[in-house]
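Got a structure for you, written out below as structure tokens; questions coming shortly.
In order of appearance the chains are A, B, C and D, and numbering begins at 1 in each one.
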Amino acid sequence: MAVKTEPLFLNLGPVHPSTHGVFRMRALVDGEVITDIEPVFGYLHRGIEKLAESKSYRQFLPLTDRLDYVSSMNNNMAYVMAVEKLAGIEVPQRAEYIRVIMAELQRIIAHLLAIGSFFNDMGTFFTPFFYMFIQKEKITDLFEMVCGQRLLYNYMRFGGVSHDLPPEFIPALTRFLDEMPAEIKKYERLLAENEIVLARSKNVGVLTREMAVNASAAGPVLRASGVDWDIRKVDPYSIYDRFDFDVPTGANGDCYDRYRVRVEELTQSLNIIRQAVNGLPKGKVLNPVPLRFRPPAGEVYSHIEGNKGELGFHVISDGSDKPYRIHVRAPSFINLTALKNMLIGWKLADAIIIFGSIDICLGEVDR
Amino acid sequence: MPFKRYGNGIARGMAITLSHVVKKPVTTQYPDERLSTSKRIRGTELGWSAHECSACLLCQDSCPHGCIEIKTSGCRSETMPAPCSSKCPANVDAARYINLLSQGKPGEAVAVIRERIPFPVVCAYVCAHPCEAACTRGHLDEPIAIRMLKRYAVDNDNGVWKSRTAPAPPSGKKVAVIGSGPAGLTAAYYLAKKGGHSITVFDDLPQPGGMVRVGIPDYRLPKHLLDRDIDEIKALGVVFKMNTSIDSAHELLKQGFDAVFVSIGAHQSSRMKVPGDDDPRVLGGVEFLRPVNSGQKVEIGKRVVVVGGGNTAMDAARTAVRLGAKEVSIVYRRSRTEMPAANEEIEDAEAEGVKMMLLANPSRIFDDNGQLKVECLKMRLGAPDESGRRKPEPVEGSEFIVEVDNVIAAIGQKPVIPKAFDFELEWGNIKVGSDMATSVPGIFSAGDCATGPATIIEGIAGARTAAESIDKFLGGTGDISEKLAEDQSCPAGDNASVTWGTRPAFPMIDITLRRTTFEGAEKSWDRDTAGFETSRCLKCGQFEVAHYQLDAGRCIFCGLCVESCNFHALFMGRGYERTGYLLEETVLQKEDLAVDRLVTPSAYYHTELEEGLPAQTLLVEGKLKA
Amino acid sequence: MVELLLLPASIRSELPFGYWLHLLIFGLGIITLLLTSVIIFIWLERRLVGRFQLRHGPNRAGPFGLLQSVADVIKILTKEDIIPSRADKLVFWMAPVIAFTPVVLMLGVVPVADGALLADLNIGILFVVAISSVTSLGVFMAGWSSYNKYSLLSAMRTVAQLVSYEMPLILSMVGVVILTGSLSLNEMVKAQSIPFILLQPAGFFIFFTASLAEINRTPFDLLEADSELVAGYNIEYSGMKFATFYLTEYCEAIVLSTLTATLFLGGWQGPWLPPMIWLLLKIGLVFCVIVWIRATLPRLRIDQVMNFAWKFLLPLAILNLLLTSLSVIFWPTAPAWASGLINLSMLAVFILVYSKFFKPGGKTVAV
Amino acid sequence: MTVQLEYNRIVEALPQNLASSVIAIEDHGLIIQPERLTDIAAFLKVEPGMELDYLCSITGVDCINYFEIDYLLYSIKLNHRCTLKVRLADKSEPAVPSLAGLWLGAELQEREIFDLLGINFSGHPDMKRIFLWEGFPGHPLRKDYGHGC
């Protein structure tokens, strides 16, 4: 006897514990199985790209913090590097090192949050999240030490960084670097080989290599699919060519690989920071630039390896003191392209962790 | 890359959580505890000091959200020198004459300049303008073209200042001035005018003016304009004894002069100290310029290399172009940004076809079958030294050879001080105290011979100090200050917002003309352009701030305003999570901030802030450490 | 009062109105004990989870935060009681009551000391099994009547999960029944000179795991999976009705802990301390383990939960039953260590064999 | 380093019928006719020596007189990049062929440009607004929209 069934429209978000902000998916479910999905964007659209056109280059700086608000430092860095490239501003060596330290610390923060919330999506009752948050707080304290803010740092400037490191910073950072490897090991032992985690995330939400490249995925999502593509390696910016580090890649492109790639990247980031601290030169940290300087007319695309993928700023100048157009290549946004292909056929519970393993930040998706 | 395997699955995870039960819990800190643990450079309080605020509006302009509102009311009651005047060695009140120019009073503007220096025309054409480097507007986009405005003023001078001044009665004292450069003539001018002394100026050159006359080419400063300034000095009855070489200042004292002022300048080029620099085709910068500027006919080869990156190098190169050299290059060992010459000079030189060979340094000069050749080494900028300036290092094996007809070494000058002067020297210069007195009583010195090669305005400033000292030495008051012009005015609503626009271009004569004649290369601005340029002035330190308000509801505490403040009038407190967002609470007077809420000054990027803060805030250091 | 509770039933029945007095005392005693211990256990869970996560847990209201639950109760009682306009109002009203009542009834057959219980039913264990299934009816009613897609999904999950886990739960109890030879809980406790956990480790494992699923605890907390279904079946409930569900959950946890303690840990038996204290200690211990599991493990997906019940627990329970019956028949004089060892090795072999077939992840459903 | 492909090389490698649709070579990109965009992109995606298989970013710009769309392409294998540009002179009804058939990654980015600049991508599977709601007046990133804030 055939049971009469009917698909169910399920509205995930914009207010939902696992959509990491105000993302919304309109899912068509057949029982627990997702048969179709439509992502809905725009709940956090602030028109940052339009705002940029009415602000001076410097005034736009604090707004870049608000793109991906868990990686302000990276956003700052990508933007100031684009403008520096456009205007030919030189950056003191010390500032380059400080920038690298900050960017990598920020990567650690963002990855810790990504992993922690990934486990939350999987159903652990906040335990890994809290373990990671404690370490994240320590980095936040370090950031507070250098720039006085705890979330939206606005630390980098054209031609350097806004403040030099206070004397307490390096000892505090060294202490953090010493204790962090043991912490990472702890996170791994806690859940990395847990049978339930394996059962939930292995071979779940597979993004094949071909699909990842075709869908312009970037960052850990792309690398988990086995593509060895890290902007820090393939197109070294700033002073990344001076450091020795590996690019972890996955093999299957499933949720588990995406999670493990992030964990491995924590170790690599620590590696880079350690090298940067050892090589930190003395000197000034800022080549002052006029507040309302006018870069020459032209355009520039400058990218960095943000913690969620390639973060690029396409800055077009018409020679005035305000940018003519700024386009942000937002990794969170573009990584979502393949979401539909990854979700269809999986169960509702899988959908949540697949979505969590992509690790998006709505501030960057909607801009 | 395979991932690390750990094994043990659920059991290991359970063990880890269990082990955490006995560990000390981590907790967030509450505001009070936080205050003493972590330093906060940017907090949720904005401090503002009416005392230091210059109402330049930079903070208002840099705010991304437009939260800052400043209202002004009339002229400032307590004086606050604008950076352009305080950074000027002679303290010419640039802010005031720009204000007067903006009201269309060039005569008054010249009078303001005349209050401090007797060479308004010379300075209007060739001053090195340290004021522009200090200009607050330069912090915003481009500095006000103060020199160009000055030039507009002197070109449209109506001589109104002359009616407001009169020479002092004769004092009967005699002063000898050795050297008729800007320093010597400045001293002569003030001693004659304000002290009433009778002055005799000696110089071994045929005409007065010193380095200004023989070192600065005509295309920058036509000689008749120099004479305009010198004529004013001659009009005071100063006696000029030209073509007179003085061997000893002591002789002059014995001849009946009551005091002697030595300003013999620095007229000898430094040598390059490379093999072959004694070749006759290798010239010194000033030695090359002197005959040219004295109107003599000078032959120069077709290919000329000028070594050095200062203003003298630019002058030599551009002069060589005008003398017919086909290929003129400047060899400088650092990159262009490090060049000490004024930027506009470099640009003009390039426009006239001078090639820049940057990051190169001559290592050898030799004669190859009658052909003069210069061997150069390529340089690279090495690691920054303690000062942060990157040091040039030679690149091994990067020699290249340039064929030339003449080499001009413009790498610096030094004074030639006759032995019989018998002064105590320092670094080859005459040693003087802060009152410009030499080791011999009654003899004073200033200018390049005392400071080493420097700018005109520094020479004038030194000479002013010397004139005061000499006047006091001779029994006068030592007061040489004058008041020749009216005060600035501060109309209401004049400082509502920043006027937008870039600095207008400097008009130049036709480029082909520039390359062939010594006619003045730069032209004066017209009235409208000058008027626009004066409107760009931020008028710092001019207005009284009646009302400073921060819209704390919209402020995001990005700190851009604090960094943009050149006067340290703004700063962030490190208060944590203040409950109320009342305006009165968030914008605090500096004095109102409790001591323990202020940041340590060293955390700011303005390192000089430490001196700028009132003494009480330095207590913070001790308190935080405790 | 306590002395009265501990008096043997025979003496009490001799008092005037002894029968009614007995019912009154025990009825009041059970409800009071249950409600107060819920408050304490909520506090305990929050504190304990806090410690597992390196936090303090609630520590502001009262000494050690003991009054936190009281404050929560007051807050929750003063909340507005909202009924969705399209809900099935009668079912919506009835659901919490139907869910809560059977939980209290279950305690009626649990002895707190020798013979000290509300009703020493000779089919005590059957009563427990029968009555405990009623709770799932209440949960289903709540999920269905709320007119909410999330709660509907949760309700469906409830039915599937609870029905599946009844089987292994009951079968594992049968092992104990065989050993005791009685269905009365009091007899079972008395039979445990050696706690049955030592004789029946496999039985304990099955019972404990299945009871975790019965009470919707991690890793089987699918019906309130907050990262997927926001809050599950009680998503539309507020105020007192929500409080009732909340109460039900904790009462279930306490009752299941009590049953575990009674069936496998020797109930009120124990040296030196009074029997009731022993029982409370054992309940607390089991509850702590439940909390510990909650603090560590992520949750399974619905198909994995079902697979676990039908393909792992049920065969294991049948095997356990078979082995226990055989040993009772053919080797009734077996020493305790031998039968315990046989049981344990059976468990180990079964897990090893099963792990060979363990495949992490899942398959997509072709759509 | 990711090498910038020399645009002359690209033009030489293009077959005759495609090479003719190259309008100009500029410092920042290869300007091509909008109609042939899909063909050229499909060619560059597979041509040995080019293999620009990764569509990094699409930027739409309102250049007052025309719309410009920049496509930044990478080759993951050969580690080089190039920028294709199309210019749409028709400002009233701008349309350009969609690349979503070639690269899935173009899907959302093209929708974004459609939403904010009002450029229609013909052949896109789901051409509708993405950040703003249906019925939002105008397209904010156009220079004639509003007057800033």
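Observations on the model:
Please note the rule applied: a contact is a pair of C-beta atoms (placed from the backbone, for glycine too) under 8 Å apart; a residue touches a chain by one contact, two chains touch by 3 or more.
Since the model is a prediction, treat every value here as computed from it, not as a measurement.
Of all the chains shown, the one with its CA centroid nearest the global CA centroid is A. With B-C and A-D as the two chain pairs, more C-beta contacts join A-D.
Separating the CA-averaged centres of subunit B and subunit C is a span of 84 Å. One simple way to say how far apart two chains are is to compare their mean CA positions; for subunit A and subunit D this gives 25 Å.
In whole angstrom, the spacing between the mean C-alpha positions of subunit B and subunit D is 50. Mean C-alpha position of subunit A lies 45 Å from that of subunit B. With touch defined as above, residues shared between interfaces to two or more other chains in subunit C number as follows: 52-55, 295-297. In subunit A, the residues that reach two or more other chains under the touch definition are 127, 134, 190-191, 194-196. For subunit B, residues that reach two or more other chains under the stated contact definition are 10, 13, 16-17, 26. Contact residues of subunit D toward subunit A in the complex are 1-2, 27-28, 53-57, 59-62, 70, 72, 76, 79, 83, 103-109, 112, 116, 130-133, 140-141, 145, 148-149.
Within the complex formed with subunit A, the residues of subunit B that make contact are 1-10, 12-13, 16-17, 26, 28, 38-43, 58, 61-64, 138-142, 337, 383-384, 386, 388, 502, 556-560, 563-564, 572, 574, 599, 602-605. For subunit A in complex with subunit D, the touching residues are 41-42, 45, 47, 49-51, 53-54, 211, 213-217, 227, 229, 234-236, 298-299, 301, 303, 310, 312, 314, 316, 324-325, 327, 329, 333-334, 336-338, 341, 366-367. Residue ranges on subunit C touching subunit B, taken from their complex, read 48, 50-56, 292-293, 295-297. Every residue of subunit A that touches subunit B in the complex is listed here, in rising order: 55-56, 58-63, 65, 90, 92-94, 127, 134, 137, 141, 144-149, 152, 154, 157, 162-164, 166, 168, 186, 188-196, 246-251, 260, 264, 281-286, 288, 290-294, 321.
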